[in-house]
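Pasting in a structure now, in structure tokens, and then I'll have a few things to ask.
Chain naming follows the written order as A, B, C and D, and within any one chain the residues start at number 1.
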Amino acid sequence: MEKIKIAFNLNDQDVSIETMPNKRLLDMLREDFNCTSVKEGCGEGECGACTVLRNGEPVTSCTMLAGQVQGERLLTLEGLSKNGELDILQKTFMEAGAVQCGFCTPGMILSAKALLMKNPHPSRDEIRRALSGNLCRCTGYTKIFKAVEMAIEE
Amino acid sequence: MKKRGKGVGSMWYGIGNTGLPNPAAAFIEVLSDTSVNLMVGCADIGQGSTTVMAQIAAEELGLSYENIHVISADTMVTPEGGASSASRQTFISGNATKLAARQAKATLTEVAAGFLNVPGEELIFRNGEIFSSNDNSKKMTYRELMAEMKKHGRLAVGAGAYNPKTTYLHPETMAGIPYEVYSYATTIAEVEVDTETGEIEVLKVVSAHDVGLSVNDTMVEGQIEGGVVMGEGFAVFEKIECSNGVIKNPIFSKYLIPTAMDVPDIYSVVVECEGECGPYGAKGVGEPALIPSIPAIAAAVEDAIGVRFCCLPITPTDVLRELGKLKTQ
Amino acid sequence: MKEFSFFSPGTLDEALTLMNQYKGKASVIAGGTDIVLELNDRSHHPDYIVDISKIKELRYVKVVDGIVRIGALSTFTDLENDPYLRDHVKSLYSACYYVGSPQIRNLGTIGGNVVNASVAGDTPTAFISLDATVVLRSAAGKREMKLTDFYGGPGKTELEKDELLTEIYFEAPTEQMATAYTKLGKRKALVIVVIGLAVLLEKDCNNICSKAQVVIGAVARYPQRLPLIEHYLVGKPVTKETFDGCRDLFSQTVYEMIPTRASVGYKKESVKGVASKTFDSILSDFSLCGVEE
Amino acid sequence: MSDRDFSVLGQSVIRKDALSKVLGEAKFAADYKFEGMLYGGVFRSTVPHALIKHFDASKALALPGVACVLTAKDIPGKNRTGIIIKDEPCLVDDKVRRVGDAIAIVAADTPEQVNEALDLMEVEYELLEPIFTVERALEEDSPKIHGATNVHAKKHLECGDVDAAFAKCDVIVEHTYNTSMLTHMFIEPDAGIARYEDKIMTVYCSTQNPHYDRADVAGVLGLPNNQVRIVQVTTGGGFGGKLDISVQCHIALLSHFTGKPVKMVRSRKESTNVSAKRHPMTMKAKTGATKDGKIQAVEVYMTGDTGAYASYGPAVITRAVVHCMGPYEVPNVRVDAVFTYTNNPMAGAFRGFGVPQVAYCHEGQMNAIAKELNMDPIELRLLNAHKIGTTIATGQVLEESVGFKETLIQAAAKAKEVM
């Protein structure tokens, strides 16, 4: 098996790696770039815990091959806070009590971020739909909706 | 046609293991700069017990929440905490934490009483200060107290253990005291049923919980909301399909839990209730949060279409069958 | 995941050359939402993977001379965001809108959805109701066929091992037409379709149905046109009463499609509700267009 | 409401773990990496009930990267674990009791090698008749899954004179309720990593039950409890599903034999297949009341399927029996409950320990009584609700903190406002 070279932008930094092609984007991010905020909950694109933003859009990194991100811009939760300053969603997730076990949190925040980047004033129904690919078993989603709504108001 | 219905469900839930000893313990140390190490065996699995223990320790010691550092669930460092189950940790590890803090406070009280020259019973520890309940001018800061402790070679440490007051149940009649205290709850649900497709939509859920004392409203609400949604899953979605011992749906695409699109509007009501046995009266809410939503949703579906269901979950197929629509061709 | 060689061609020609070179040994990945799972659990282990997701030329939605052309690499999100489809081809728009989750809609491609021929695919049902044609390309050339024929053969699809599906096209619905798609699932998101129903209806100036293309998905192996229903509708006034009149026919049709399946009881009954929702949408579209009598 | 004025309690302070979680820095078990670590995997049975005639791992052992394959005979300590009853083998020795029983464990350099090794292991079974229903389990001629009986637990609760009370009731409702086998679906699948640290076997894992885990790991390794350290790391939900041992004993064994750190992360499928499930239960209930709505008697017969191993079954049956008449003053109660072993997946703890099941039953009964008497269901509950001084069916007198009526009143008020 031939190694492949992948160059992409990860959390605002240009990176490149030579790696075996038979790995998922999820595995490359976790193992080769130590982005362990990217979680594996199901491995079938259902739970959304492995969500990353590709060119600003949420995608499940467990359903992509590493080689598919050649030339793309990726954002993981590690890249969301800038110079130690938390993103507004990180603040409101804490304040609203939107975090319990925290396993879905990275993906949830990124899906919310993608929504707010595209639509700064979403309705409750738009929030629900934007988060519908991120399963949470602890919170009942309600405080998560609230956290996103608090971020709109800011 | 879409039909709406409402239903009520209540529950009680004994806190801790049933008719069995199930103790938990805590260690605490107030350090010279007034920061605190609290060691509890209790595992925080996302329900927030670490935060609860810190709040209880802060309250008892009269320090702020930020002062408390919690080390939890490391068997080489923390004492026995028992399982994070049976909605027992706020009650049992919470009591243990309070007792540990109280023991440390006994030493602190002794030294403060000497310094302020007032009887220990008069002293109040609050917001980083120690003062006499009879004479506000007799007061000192926690930092001054810790300096005084150091001078006397005293250490502010404590250990606490709590075992709920239960008895073993009689093997034949089950007579006895199964739990020291019970949480109670009532849920009212409103649903809409599509009588053509059998689809059930849970629209609104009110869930009122007697938690004794609410240590942290946001976290209590978080438990209730999570419980309501898990209850919705129980009532109308979830079922392991098992055939010849093999689970047919072990994955998220086949075992359906509610998504953000499926959850109702939830109105949590936190009810408090006088009592001495829990830490400041606190009981548990983790499991109670789930339970009453199940019968409430089932009752609401029955109310909407006027038929009884004997099995959970109630699926769209069940709805159409009970409406008499699935008679064979 | 077993070992394989990975190619990521930037153009269609490069991709077709690779497909020709590794004929039968290469698997194509576009969105990857299905194949990566198979690779990861090792149920599928090709020697070569051809990643076509970087072929920009296959990602478009355009209307040219009354034909709507959709590049195979357009994602569900692309279609959902396309104002033309939203306003003029509601069936396809809805089929994309209700797919899986935002993540899956951002990754999954129309071509993948059609080629995978999943029983529970949403867009094939809508495409067949639009009488769509698929364009298949190989290094040797290009061929076209109706989507119904694409699914007609004994294999999974008519796609040859060196071919790529590059485009799907269909005639743009006219002002006299309305389309709709209804998905019945077990919950509101991330759900596999239990019944998908897509309809294209045309009416004349006297409000009489002049054309009906009705397709049901997730009942048989592939989405099926329902000629009995279509026949019933054509020539009748486009009214609630007409639509109500075919509810039992839907039920009977579904029963005849899967008489022995365990789900038949539920599907034959609930299809009536699905049909009502679909026709309600058609009626409301016609009234919005202001062509109501 | 307490009249005490608190300074910290009652405040919605921000959780201690919130910041690390919103930053993505919180380390869950799968996020741990140790120098030179191996990956572990489990070879599991695909049949529900069988003797193992032959097991062969020679091809797996020949693979490059495979460090060891262990079976029951390699266990230095006790080969039985279990929360309440130690009836579950860490690795199958006598027989397979369910699909998913662990037969062998493997450690290798990479997860891919682990998977390849598992593919190459061969097992030959002598199939035994499996049992999948409570009814079959209770039949005399059924094969026995553990010991001499398939009855896992049996409970009887009685107070008052139930038969006499029913005779005086104006209204009696009888219904049977069934609930399904459910699974927790915590979002983080079970995971852990083990190694010796200063000669102490140290296991970092996702768990709800670290002190219990310690005893089982020590038991399997044959070590004193203080030579085993369980560190609960950030845990992605549990809901009862992470109370039983998951990967802990297996990774500790593999690390013990290889001398290296060993990590195991279950796939979603493996996690769901082998973690405990919610007991499916059948409850036949009879409830009687006088025409003024006072509940006089409750009789319940319930059965539950605990599957192949006891897990928390004994706790579930006891709690279900104590709670099954609901939070109501019922002077005459008779409850009988039987849980059986079967060759189904193991049922154990799941948020509520049997109370969600019985609540469906007792609330169904209350609503049925309300309907019969044409009473408002809230009124009926208020009329019968627990209060200070109530004597419950076990004879306990409730002395403090009984806020049930307040939940009824406040829920009804809120519902009136929002529905």
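Basically, a contact is a pair of C-beta atoms (placed from the backbone, for glycine too) under 8 Å apart; a residue touches a chain by one contact, two chains touch by 3 or more.
This one's a predicted model, so the numbers in the text were calculated from it and none came from an experiment.
K.L.:
With chain centres set to the mean of the C-alpha atoms, which chain is at the far end from chain C?
P.N.:
B
K.L.:
Comparing chain centres built from Cα atoms against the global Cα centre, which chain wins on proximity?
P.N.:
Of all chains shown, the one whose C-alpha centroid lies nearest the global centroid is D.
K.L.:
Between A-C and A-B, which chain pair is linked by the larger number of C-beta contacts?
P.N.:
When the contacts at A-C and A-B are counted, A-C has more.
K.L.:
Could you please state the distance in Å, as a whole number, between where the Cα atoms of chain A are centred and where those of chain B are centred?
P.N.:
Centre-to-centre distance between chain A and chain B: 30 Å.
K.L.:
At what distance in angstrom does the C-alpha mean of chain D lie from that of chain B?
P.N.:
Measuring from centre to centre gives 18 Å for this pair.
K.L.:
Could you put a whole-Å number on the gap between the CA centroids of chain B and chain C?
P.N.:
Chain B and chain C have C-alpha centres separated by 48 Å.
K.L.:
If you look at chain A, which of its residues touch at least two other chains?
P.N.:
Counting only residues that touch two or more other chains, chain A contributes 41-44, 46-47, 97, 100-103, 129, 132, 134-138.
K.L.:
Quick check: what residues of chain B touch more than one other chain, meaning two or more?
P.N.:
In chain B, the residues touching two or more other chains are 45-46, 48, 218-219, 227, 230, 251-253, 257, 259-261.
K.L.:
At which residue positions does chain C touch at least two other chains?
P.N.:
Touching at least two other chains: 1, 188-190.
K.L.:
Can you name the residues of chain C that touch chain A in the complex?
P.N.:
Going through chain C, the ones touching chain A are 1-6, 8, 29, 31-33, 36-37, 39-41, 49, 51, 53-54, 77, 100-104, 106-107, 188-190.
K.L.:
Could you list, by residue number, the parts of chain A that touch chain C in their complex?
P.N.:
Its residues touching chain C are 1-2, 4, 20-24, 43-46, 48, 51, 54, 57-60, 62-65, 67-68, 70-71, 111, 114, 129-130, 132-135.
K.L.:
Which stretch or stretches of chain C touch chain B in the complex?
P.N.:
184, 186-192, 255, 265-266, 268-270, 272-274, 276
K.L.:
Enumerate the contact residues on chain D facing chain B in the complex.
P.N.:
Those residues of chain D that touch chain B are 1-2, 4, 6-13, 15-17, 47-49, 98-99, 130, 132, 155-159, 175-183, 185, 200, 202, 207-212, 214, 228-232, 235-240, 242-243, 268-269, 271-273, 277, 315, 318-319, 321-323, 326-327, 343-345, 349, 351-353, 355-356, 359-360, 362-364, 366-368, 377-378, 381, 386, 393-396, 398, 400-404, 406-408, 410-412, 414-415, 418-419.
K.L.:
Within their complex, state which residues of chain A touch chain B.
P.N.:
Residues 41-42, 44, 46-47, 96-97, 100-103, 127-129, 131-132, 134-145 of chain A touch chain B in their complex.
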